[in-house]
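Several structures are given next for inspection.
What follows is subunit A paired twice: with subunit B in the first complex and subunit C in the second.
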Partner chain A sequence: MTTHTDNLETAKYTGTRVERSNQEVADLANRAYKYGWTTEIESETLEKGLNEEVIRQISEKKGEPEWMLAWRLKAYRHWRGMDPPTWAKVRYETPDFQDISYYSAPKKAPEKKSLDEVDPKLLETFEKLGIPLGEQKRLAGVAVDAVFDSVSVATTHKDILAKKGIIFCSISEALREHGELVRRYLGSVVPANDNFYAALNSAVFSDGSFVYIPRGVKCPMDLSTYFRINAQNTGQFERTLIIAEEGAEVSYLEGCTAPMRDENQLHAAVVELVAHKNATIRYATVQNWYAGDEEGRGGIFNFVTKRGACLGANARISWTQVETGSAITWKYPSCILKGDNSVGEFYSVAMTTGRQQADTGTKMLHLGKNTRSTIISKTISAGRSDNSYRGLVRVMPKAANARNYTQCDSLLLGSTCGAHTFPYIDVRNRTASVEHEASTSKISEDQLFYCQTRAIRPEDAISMVVNGFCKEVFDHLPMEFAVEATKLLGVSLEGSVG
Partner chain B sequence: MLQIRNLHASVDGKEILRGIDLDVNPGEVHAIMGPNGSGKSTLAQVLAGHEVYEVPEDQSTVTFLGENLLEMPAEERARLGLFLAFQYPVEIPGITNEYFLRAALNETRKSRGLEEFDAMDFRELLQEKMAHINIDPGFAERFVNHGFSGGEKKRNEILQLAVLEPRLAILDETDSGLDIDALRIVSEGVNKLRSPNRAFIVVTHYQRLLNYIVPDFVHVLVNGRIVKSGDKNLALELEEKGYDWVKETFAGATA
Partner chain C sequence: MPAHSPKSRAPKSHYIRDIARLDTSSAPERVRAIRAAGVAAFQTTDYPNTRMEEWRHTNIAPIVGTPYQSLVAPTEHGLTLSDVAPFLLGDGAWTELVFVNGYFADDLSVKGALPRGAFAGSLWEALLSDSGLAEAHLNHYLGPRNTFTHLNNAMLQDGAFVYAPKNAALETPVHLVFLSTAQRGPETAAHPRNLFVADAGSQVTLVESHVHLAGDTPYFNNLVVEIAVEANASVERYKVVREGARGNLLATTEVRQARDSRFRSFAFTLEGAIVRNQMCVALDGEGAECELHGLMLDDGERLIDNAVNITHLRPHCRSRIAYKGILGDRSKGVFLGKVHVLPEAQQTDSNQLSNYMLLSDHATINTKPQLEIYADDVKCTHGATVGAPPEPVIFYFRSRGMDERTARGMLTYGFADEVVSEVSVAALRERLEAYVFEKYSPRR
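Showing the complex of A and B:
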């Protein structure tokens, strides 16, 4: 294991200009958060606190089968005996888990049969977020599942997908209508007792998306879930399960926002991906939860467990994430490469500013022969933030000829932020080949001056340099998301994307 | 077009420019020559607006197209029509030349109330410019100076000059690090961009560049002051006699 920690060399570059750039980055980050408003809507919210009775109530509200309740209760009992993880390089006060409400749903959206029955306020909310759900306006190339607090309010294009045998619905609906499928796979990749936050999620998860792509089917459009936290003092615990049968292919996108509030809110999600023989799953996230203010007040705690299993030969799972929001990010989208020749990929941009803290990376577990993995991580730190890449590459004894390539690049803006890299490499097969490259750089005065002499303002120059730094990752995002991502970083890339 | 009066500049309390006077009119090419450390590059950077230099604005004035240049940040000087070709062009990985140049040109156009170029129209313009000064069309898709050879970087600067069409272009030791072929190619590019509306200030250590880019005026900079001005023959005289000659001859003036 090697560990190195880099802080920006100080003496030479702490002049007024760098401080100025620092301020500009902070301004950019602040300006970027335009999702901080709330929706006035009547909600049904459970009393704060967590106990077996609360879990029974959640399960009952969702009309779940008996086995699901039993599964939740078992997870809850595990969770009670577990401690929050402390190994990440993030500092925060552990949430008071009895001071959170575990379920909040808009009153008027109990059973979403058709869009006509969905509260117009909810449709308005998503439209304002750029996710129109109505028949006329909905995004043509993408099917969307919109999740508001604890429930899914609408899913578009279901009919077209159903013709191909594709199931795309909320996980609550899947539990009712496709119970056996859910039962077979739920917890198969991330066990209920996997870690503290995964166990909590398993006990109380309220909604999320379910995707099933039958054998040999290539999903004709991108699937997308948009998560919106609205209610105060609630946590969001979504659960996503994606199954690609032999030869199936799907590309899935996930976006999220939350209002600006002074207190922290907990978001503890679990995502499980299952790729059978020759199947491909691409999973992309643009995470823009509210990050808290300049002083670090408020913001979302984003504690997420994401993992995919390449069960069959030649399966492929690709994670792409752009993490710009949240007060704290603790997240390691991982791949279990069980099938021979299976492929795992992780492309990540994590940007922190203000007082944000991120500890994110991946795990690539090579079990099968000739398995390959690629890790490209780009971290950008500004303000007083701390940004860590943490990754594990493990090659098991039977994984002959396994290959990994890892590249971790850090970009520092200003002299008060931190960038850290914690790569763990564990190789138990002599035929494996593991490569690790790392770099730390900063935006130089020279780059800013050069851009200025080409009529480009320093703040735009910073955006440009950051954007260029992220290019390798953005290239793996679908077009709309790449545009969204560059906007998030305070950049307008326009024609040069893709 | 450009009037420099009593220009002083210092960095970290050390005075580098010690009272420069210079007038540049449209269409003229001025060469600034001088030994190492005489302040040639500093002059170029001060004119372009590098903030590391302190310029005493109560003594020094620089007027460009009627505007007080010293009051403006570098990007505004660029928008007004000032261009600096760098001695060491800077790399911006991940950003294509095409994107970079379009952003630069559109910023300038925006500031002048002109319509911005969209991606398609700009591509056409860029291809035209590249053809005009014999630049490999592949430059468009490459990242700004990233992985460029020394010669390619200098040619890329000239391409930027061609696209941005400044009123005054300052070439800071554009010849440094170039072999004779590269020097010729770069100079040909510059010569094609000479026009009655555009002036050049060519900063160089060596006379050989001036065989290709023939100047109207040559100024010799020693110790932060222009100690001698003349026509192109002055460069030849310098070449023959060496910088020690000016240093000795003008020792009194520079003390």
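Showing the complex of A and C:
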């Protein structure tokens, strides 16, 4: 969340600016908060366990319309008949789904008074990532000033967006204000019974973002949950829905480079993208959740269903992800290329260290004529981790002249980790052309030696090689994200290379 | 993900009944032990089904759902030498063994010259002899692959046994002809078992033909082949499948390679109903090398599955996979290539290629080239393509005055010939080239 801003706002992100504005922030903090979630803080946490009654209560507390409750219940009934997926190459103890509280007010961690109370290791990481002081405080759970610093940013942006007719709000708010839109698209890309975790999310999702870009509008800035302060602590079951009408364009950023700690071990988010004719959606994710201790205890389980549908001709959906956190990652951002000439892209860097396990990749479903997809996946394994790429390219009989190019490269650092590739290629049209390339290797001694003769320290040399390896993907991130992602990899690599 | 997937309920009773009909009195102790373990494993494992990752795209329900009657003893084959002559390749110079419905037919076989100590003949006879050679290797290499390999153990009877003694080179190929005839009766299952052992420093070329004189008779062959390539030995093995229009074949080949050994394999699948060739190679000695080629010519409603599994257990081994396929009509092709590199297997060099060409919009190809790697100092790559000849290439041919059909025919032939031309046994290569040419020739 230390991330991207547009140039106009950059000044606000220096530490000095935050310090200087402490007074303003304090004033702000004392004001009644008008954007919605403060009331939720007062509400109690539901008891552990999941049943229809719990879902009714969630829906009621959020003041949802009747159809939404029916939808949730239907998803819940599906979920009850489903088994957790076991095909991924990850090993973990299935969470006890009855031992989770499915509705809780945004968590307030015991507040720390100053940065002195924060784990010095965490501070060190912040320092390396170049996170401004105020930002560090917020991330570490120290007071609230920085959050309110971003309130002003959010408000300014909200005005700009509103002028263009863009809706950018929490999904709860959207349910209240734009119910028909949500009803029309929710579950249209990821059906409620799509898979075990998507069904669970559909039944109990807490909150998330809703974006609607009207016809022909190009969103003037990159949207990020960062600017939507009420996206904080939406926690375990986040639901995101982005709709781009004909000719619309939007770029959305999710996540943050700073290590995020969260008390909830299980995360099961669902993201749905809908791109109509000539629309473009770019979705970038940087994920660095807590990966557990050296033995892998306590890390986050990240089971995400992300899918975008190119409904109209010439639509384009692009996924870019940098995955460095979580104990278990199970994530396959996909594209349904239904419109003729539509384009799907997937650029991914997945890095695992310690005891992390990642099974991630994409699905490209070619349904329309002349559809094109590109998959570039870079995985880096170190420590005792396991990192798998799993991807599906399917060309249906009517997808004449469909094209796919896939490249997945793995880099192994150390002999105790694993790197795997599981591509599935499924072609039912003779005019299709599908290419797949993969390689696995380590950093060569020659490369390291060359750098060392140029007086570059081995750690820096490794970092350079790794960043070069990932460059193709980083090129698709917004600039600020890319700079931080580069630093992030450097930090993650520390201590994992011997 | 379907919830609470129902277990395969297809009955196994017909197989159990036939296992009980086997003659046990004459079977050696070792065979009885293998059969007993096989029965136990067969009863406790499910039939392969599409809910299993490995079989996701290979629907063998027609095999599982048919109550095949298993052959438990050889019957009078009623064939003459002229009946089998069209299947032979060696012009009298090779050792060519004919197996009718899974049982060795001595009277139809040709015995060529073999070096001293070498053996090529019936597995059953070798087991009954007191040399102990076949017994020492039998079932040592086969892993617990699936219900049908367990069934093969449970039904263990005849098949081919070829042994190349230390430092001996078998100068002519050994040709094994597995012939299915209508005389076995409809809906019958045979469970042949082959064992090939190349002792240290030896060299042997094996050709396995799976052919038929069965017309439209529905039948099922459940084949298991074990191959041991000892230190510094070299084995070349060709498998050509031309089963009947309603003949199904499930074949599992398990290879274990010792230090500095070389193994080269070709799998040609040309005809049949459902054909699955599983090839598993364990590189279990430093410096071992394997090279696996495959070609499927798929048309009609046929289903062909080539599953290749290479495990690198030791350092400095080299593996190559190159599988191709041409699919027409409503056929379905599956390729599963898995290279597994274990932590000890440093300096592994592995390369995997699969290329497929679709000739029809109703044909389907599923390819899954996979890598599982646990060692860091390795060089592993894989590549896969699916596509038709690009338009500019066709245009080039047409600009030279060739019509489109001819151009496509030539390109298709060329695509297949890349595999066929690698065959080093001339007699086989010529036959295959003629076959491919005939099949894709525009004059057809």
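Keep in mind that, in the parts below, the second predicted complex is superposed on the first by the 376 of 498 C-alpha atoms of A that agree within 3 Å, B and C clash if a C-alpha of one lies under 4 Å from a C-alpha of the other, contacts with A are read in each partner's own complex, and residues count from 1 in each chain.
Operating definition for what follows: contacts are C-beta pairs under 8 Å (C-beta built on N, C-alpha and C of every residue); 3 or more make two chains touch, one makes a residue touch a chain.
Keep in mind the model is a prediction, meaning the values are calculated, not measured.
Visitor: Of the two partners subunit B and subunit C, indicate the one touching more residues belonging to subunit A.
Guide: Answer, by number of touched residues of subunit A: C.
Visitor: In the superposed arrangement, which partner chain does A:418 touch: subunit B (first), subunit C (second), both, or neither?
Guide: second
Visitor: Should A:440 be classified as contacting the first partner (subunit B), the second (subunit C), both, or neither?
Guide: second
Visitor: In the superposed arrangement, does A:432 touch subunit B (first), subunit C (second), both or neither?
Guide: In the superposition, A:432 contacts subunit C only.
Visitor: Just subunit B (first), just subunit C (second), both, or neither: which does A:181 touch?
Guide: neither
Visitor: Can A:69 be said to touch subunit B (first), subunit C (second), both, or neither?
Guide: It touches nothing on subunit B or subunit C.
Visitor: Can you pull the subunit A residues that subunit B and subunit C both touch?
Guide: After superposing on chain A, no subunit A residue contacts both subunit B and subunit C.
Visitor: In the complex, go through subunit A and note every residue touching subunit B.
Guide: Subunit A reaches subunit B through residues 17, 444-447, 449-458, 460, 464-465, 467-472, 493-496.
Visitor: Please name which positions on subunit B make contact with subunit A in the complex.
Guide: 48-52, 73-75, 77-79, 82-84, 86, 88-96, 98-105, 107-108, 111, 118-119, 143, 160, 164
Visitor: Can you check the complex and tell me which residues of subunit C touch subunit A?
Guide: Checking each residue of subunit C against subunit A gives 1, 3-4, 53, 57, 343, 346, 356, 358-388, 390.
Visitor: For subunit A, which residues count as touching subunit C in their complex?
Guide: 81-83, 85, 87, 195-196, 395, 397, 410, 412-442
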